[in-house]
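Shared between the two complexes below is chain A, which pairs with chain B and chain C, respectively.
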Partner chain A sequence: MAAATVAPAPEKTRKSLRAGEGRRGILLVAPTLVMLAVVILYPLVRAVIQSFQKDEGLNPATGMFVQGGYAGLSNYSHWLLQQCAVAGGGTQPCPEGTLGSQFWGAFGITVFWTVVSVGIEVILGLWFATIMNREFRGRGLVRAAILVPWAIPTAVTAKLWFFIYAYDGVLNHILGFAGIPPQLWTSDTWPARMGVVIADVWKTTPFMALLILAGLQLISKDVYEAAEVDGASRWQVFTQITLPLIKVPLMVAVLFRVLDVMRIFDLPYIMTGGANGTTSLSILVVKQIRQGFNSASALSTIVFIIIALTAFVFVKFLGADVIQRPPGYTKRKWFRRKPPEASQSVEATPEGAEAA
Partner chain B sequence: MANQWRRGRLLTGVAAVAVASLTLAGCGGGSSSGGGSSSGNSRGPITFVTGKDNSGVWAPMIAKWNKAHPKEKVTLKEQTDQADQQHDDIVQHMQAKDPGYDIVTVDVIWTAEFAAKGWLQPLTGQYKFDTNGFLPPTVKAATYNNTLYAAPWASDGGLLYYRKDLVKTPPKTLDQMWNDCKIAKQHNMSCYAGQFAKYEGLTVNATEAMNTFGGQVVDSAGKPTVNSPQNQKGLQMLVDHVKNGDIPKQESTFQEEQGRIAFEAGKFLFMRNWPYCYSLASTEGSSKVKGKFAVAPLPGVNGPGASSLGGHSEAISTYSDHKQTALDFLKYITAPAQQKFIAMKGSLAPVRASLYDDPALIKKLPYLPTLKTAIANAVPRPVTPFYPAVTTAIEDNAFAALWQGKPVSAALSDMQKAMQSASSGS
Partner chain C sequence: MTTEALPVTAGAAEQEIGPPPRRKDRGKAVRSYLGLAIIVLWGLAPFYWMIVTAFRQVGFTFVTTPWFTHTTLDNFRTAFSTARGNHFGQALLNSVIIGVATTAIAMLIGVFAAYALARMQFRFKYLILGIILGASMFPGVALVSPLFSLFSNIGWLQGWNYQAMILPDISFALPLAIYTLTAFFGELPWDLEEAARIDGCTPGQAFRKVMLPLAAPGLFTTAILTFISAWNEFLLASQLSNSDPHHYTVPVTVAIASFSGAQPHQEPYTAVMAAGTIVTVPLIILVLVFQKAIVSGLTAGGVKG
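What follows is the complex of A and B.
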């Protein structure tokens, strides 16, 4: 606002024009902002407020539930320090059979799945994308075949693998031909965990491959031809040309997948119901909802913070650019309103205009 | 432009994650301790809420009622056929104090929770419901704090399926049954199929074993009493027979259906299961045991064992505006004529004792006399408002004891601690 009066005359018309644009712009985005506030901000704030309330307790005289009152940080210490209430006040380490005792286990297995699944998916995805990027007869068919698992809903995928892993299932049947006795795939801890990894990799590698393929197709053939002329080996071409040029789409794909796996729910829930060390953080939240909302709110707030931090690390430090930079883009001008091409007028715009 | 876009997209991404992880929590909460308001004239149209009507009994019963009561019509609202989802659906509507859910169908294990939340109209005073002639355990399961909160409607109890071509007389005691396992060995079969995967069915099977030895999970006041010598014996028995192979290792994945399929394939000598298997095992094309099996009450220490009680009750919502009509409807659906109808048409187990001696019904459902013994000796699963936590405590620890070598005494001690912690707030 103040900028308009301070600015020199020739700039004035442009400024006021832009101020008007800004106001109209705010009007135009207002419905979206309201929508976001309703569907994102409200539940978020509500959950945080709830997480500081105790769950309802039983009034021993009437046998009826009563409000639990202010909880302080006890809902958070319940999860993070695994402290459970004991009859008559005080806390003890949560015994087996409580959800509180499962938090760090669930956290560990969620991180394990994230690292292992996404790791395998990156390698396979790169490989598939390279295949799909080549020119050969029947390429359409190969592409379609690779993409089929991605087209199947996760719930169906989970049920599918549930039947494959069953004691009388396909996998044991096939192993039977090789003389291997039937195994209980979803009943022991590590087979069940790896079962989830396999199903997840099967389903989402195509997604990874697709995003990488999009990156590969942007690389001009000239670069490869130049490399060939210079006598680069295939490994050099891959590490020096392909990888750097697909880094951005690759990191975006990895970011999406990491966030996906960190809140994984349907796959393990349908395959094992969370048994045998396959309770992910999201499954734990849903189980806790049936036992008390406020404690569940604390848990989902913790999960939210974990995921938000992960996303932040990816975007800030690992260069997962969710939007491709235009050519000539200069780095890290976070608070500018205009692209650098028009840098002069941007320089003249004080920060205050943004608030107007 | 790129900058704004970047930030916008980042925000959207983070926000989307936030929504995913928080909408779940956001819909919870709210006050639920208060009672509802009951209005003066409490007659009029009502809505009846139940899980998916797979047996097809509700439409004809409601049509008949609506013909006779044009001013107090009943509308059927079907939920999904998943118990957890039915539970959550009722919870949401009750938290919203929805007067549109007049009668809700309550699984026996939810009664105490819903009653303690103040969502169910006590069936006393002007809403008194007469339970004379009902099987006592079904009434007990619908009772919380010495108050009846729901009308028992359909029952269920565990039965022992056995191969009558291999076992001459059904075992009456547990010792006899485990002794008969040598017959299974001779025929290269496994012995006993139950539900031992980590889910609600494990709670059913574990509490059956513990109740059979005279133990209990919670006392009549709802206090956890699971760490007892009787329960130790019951759980130890299951552990011993897992160890000696009478309950083979693959049963750690067995729910009802896996057991039924294996029994129908002739792989098991005995199976503990619900009555629904009877007609399937006698008629299904893939069944190899047609005409070769029969049912008996679950064996106990000296006589019939203590089955867990299944089934559903019907409760009037505190928030209903037409409770008198709702009560009349409850009386109608539990009357002998309707109870006989649900048994004939839907193969459901009636709650009225007299129907189990009805010759026409026995002809249609030959297992009825056995089921009567089972339900008469049945123990409701722990009646506690903290049922979800209690069942988690039992499942997790029983599973660890059966399949992961956790000592039985440690498992029971943890069960006890976990239940106590649940009932004294998190």
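What follows is the complex of A and C.
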């Protein structure tokens, strides 16, 4: 402690402390980059290569044995255009019920879940966060309670709601008080779809609320007091002060949640097995794997591209600033050889300083 | 209790001296507490229902009495019983093995990267940070099909091959660990490290002797978050684990999802709820004990980067 309170070290000492930092930094990050290359890049490249190969084996549609080999874009057109191979060459629209006919349906329901679930989560999350941002007794209890759904494994959540949704289960029982007839929550198309939304919203609203709350706590109370003095209405305060000030954390939370729901698997897979119009894109990939993993690889590559594009749109256009560079840092500096502020820190000195 | 506690809590310090709270403030406070009650109910009610059911006799599965009735411990015995082809005990052990190994590897590699990202200036730093963030958003499903074909070629889908799940789990555990650690490290008083360096420590010594003790809570929280994420993983394990009873590498999440009952198409609800309780309660205890740290870990990355 004592050392920190002494007068700052002479500029020269500080400079020499930072010598070689550029190289050390890369060295420390290198194991991570290697690991990510092994566990993400390699499988991804492998998937892309596989996606241009034909699946060997019997074609379920035609009963013909298909040789492997270069497939061109046929695996992609199989999914995107829903074209299936026919005996004797050529393609036709995939018959109803085959996996190939389900891509756009799965895409649609995945997007539906994303929009509806995240929409509800944002509204509820804002409400929860606003409530928790006030001063109250028992803060610890509320925070613990809200962490419970977050901590329960999604697989257990799915089983728990599967039980709540049972025909004789507690949800239908409660709805009975309101005169609503019992629903088949896991085996009827729209109840099952909404069942997934409810379970997902229950599990993930806490995460949303906590992120928004962290953003709210950064807003100074003075701003609100000033608004009150100026006679702003509550709605004005919310839309013109709160929302703009929490925009970045809110958009980051929304981005994470959107990407989560885009790849949703556990909940619908365990609750319905993907039946009755609840096959998400991820479930479709998994169903396809046992029928031919080259075609599954094409599908998983498509899913990857969809998710990457979504993330790109959020970061680029919707202000989900996940990296948050220091003020004044612009992208162009990546390509400059000597960043201005680096004269006393980064790249500019290593050789010279080490020699000295 | 509510109405009496209101003036103090709603107004905090400023109102102690000021005029007595107006009616409007009271209404606001009542609504606040109503909202808080809803939040607590939201978080706890379904979880509570799981526990109540876990202790209920099978014959009374669908009784909707909201407190403990017809209690029994049979469901926990059923959950651990291997008579119906379930291997819940082994699955618990598998989850611990996979979770601990994944967390250890992710922390070991991640701590160096996070230190560099939080502390140093080097070329391509923000590009690398972007890569790591991109990796954290990477869809697990894009790994499943290439890894399924690769692992079946090299025989990792048979036998005791825990690495068939540990390695893919690194893909999300490592970015998560780095992301959280970088945020924690960014808030540490690094001047102390510089002071230690000036006093003659090597960079390694300065980190170990001065910074590591200060960083311990952040490291611990990150390890918990990473462990929970690995413990909760389902998609990869459902495809890449081995359900052969003699080489059973299936983790609990997958085991619970495919829990079979006495009859093939009869869901053993009470036993599943008992199993779910066993899987969840350790996590809940972790969360209750370390809630403050966990909340800061969860939100650190999102708010400050």
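The rule we apply is simple: the second predicted complex is superposed on the first by the 279 of 356 C-alpha atoms of A that agree within 3 Å, B and C clash if a C-alpha of one lies under 4 Å from a C-alpha of the other, contacts with A are read in each partner's own complex, and residues count from 1 in each chain.
Convention: a contact is a pair of C-beta atoms (placed from the backbone, for glycine too) under 8 Å apart; a residue touches a chain by one contact, two chains touch by 3 or more.
Just so it is clear, the structure is predicted and the values come from calculations on it, not from any experiment.
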After the match on chain A, would you call chain B and chain C a fit or a clash?
clash
Who does A:F304 touch here: chain B (first), chain C (second), both, or neither?
both
First, second, both or neither for A:G72, with chain B first and chain C second
neither
Does the superposition put A:Q92 against chain B (first), chain C (second), both, or neither?
first
Looking at A:V156 after the superposition, I want to know if it touches chain B, chain C, both of them or none. Which is it: first, second, both, neither?
second
Which partner does A:G119 contact after superposing on A: first (chain B), second (chain C), both, neither?
neither
Identify the partner contact of A:P244: answer first if only chain B is touched, second if only chain C is, both if each is, neither if none is.
neither
One more residue to check, A:Q50. First (chain B), second (chain C), both or neither?
both
Could you say whether A:S187 touches chain B, chain C, both of them, or neither, answering first, second, both or neither?
first
Tell me the contact category for A:G105 with respect to chain B and chain C: first, second, both or neither.
neither
Residue contacts on chain A - larger count, chain B or chain C
C
Thinking only about the overlay and not a real complex, which stretch of chain C clashes with chain B: 62-70, 98-106, 116-124 or 152-160?
152-160
So the chain A residues that chain B and chain C both touch are 36, 39-40, 43-44, 46-47, 50, 166, 168, 255, 259, 263, 282, 285-286, 289, 293, 296-297, 300-301, 303-304, 307-308, 311, 321-323, 325, 329, 334
Chain A touches which residues of chain C in the complex?
5, 9-10, 12, 32-33, 35-36, 39-40, 42-44, 46-47, 49-50, 53, 62, 64, 109-110, 112-113, 115-117, 120-135, 137-150, 167-168, 170-171, 174-175, 178, 189, 191-192, 194-199, 203, 228, 231-232, 234-235, 238-239, 252-254, 256-257, 259, 267, 269, 272-273, 276, 279-280, 283-284, 286-288, 291-292, 294-295, 298-299, 302-305
In the complex, go through chain A and note every residue touching chain C.
1, 3-4, 6, 9, 13-14, 17-18, 21-26, 28-29, 31-33, 35-36, 38-40, 43-44, 46-47, 50, 127-128, 131-132, 134-138, 140-156, 158-164, 166, 168-170, 173, 202, 205-207, 209-211, 213-215, 218, 249, 252-253, 255-256, 259, 262-263, 265-266, 269-270, 281-282, 285-286, 288-289, 293, 296-297, 299-301, 303-304, 307-308, 311, 321-325, 329, 334, 342, 345-347
Of chain A, residues touching chain B in the complex
36, 39-40, 42-44, 46-47, 50-51, 53-58, 62-68, 74-75, 78, 84-89, 92, 94-100, 166-168, 182, 184, 186-187, 255, 259, 263, 273, 275-276, 282, 285-287, 289-297, 300-301, 303-304, 307-308, 311-312, 315, 321-323, 325-326, 329, 333-334, 336-339
Once bound in the complex, which stretches of chain B touch chain A?
1-7, 9-10, 13-15, 17-29, 31-33, 84, 87-88, 115-118, 144-145, 197-199, 222, 249-250, 252-253, 258, 261, 385-386, 388-389, 392-397, 399-400, 403, 406, 411, 413-415, 417-426
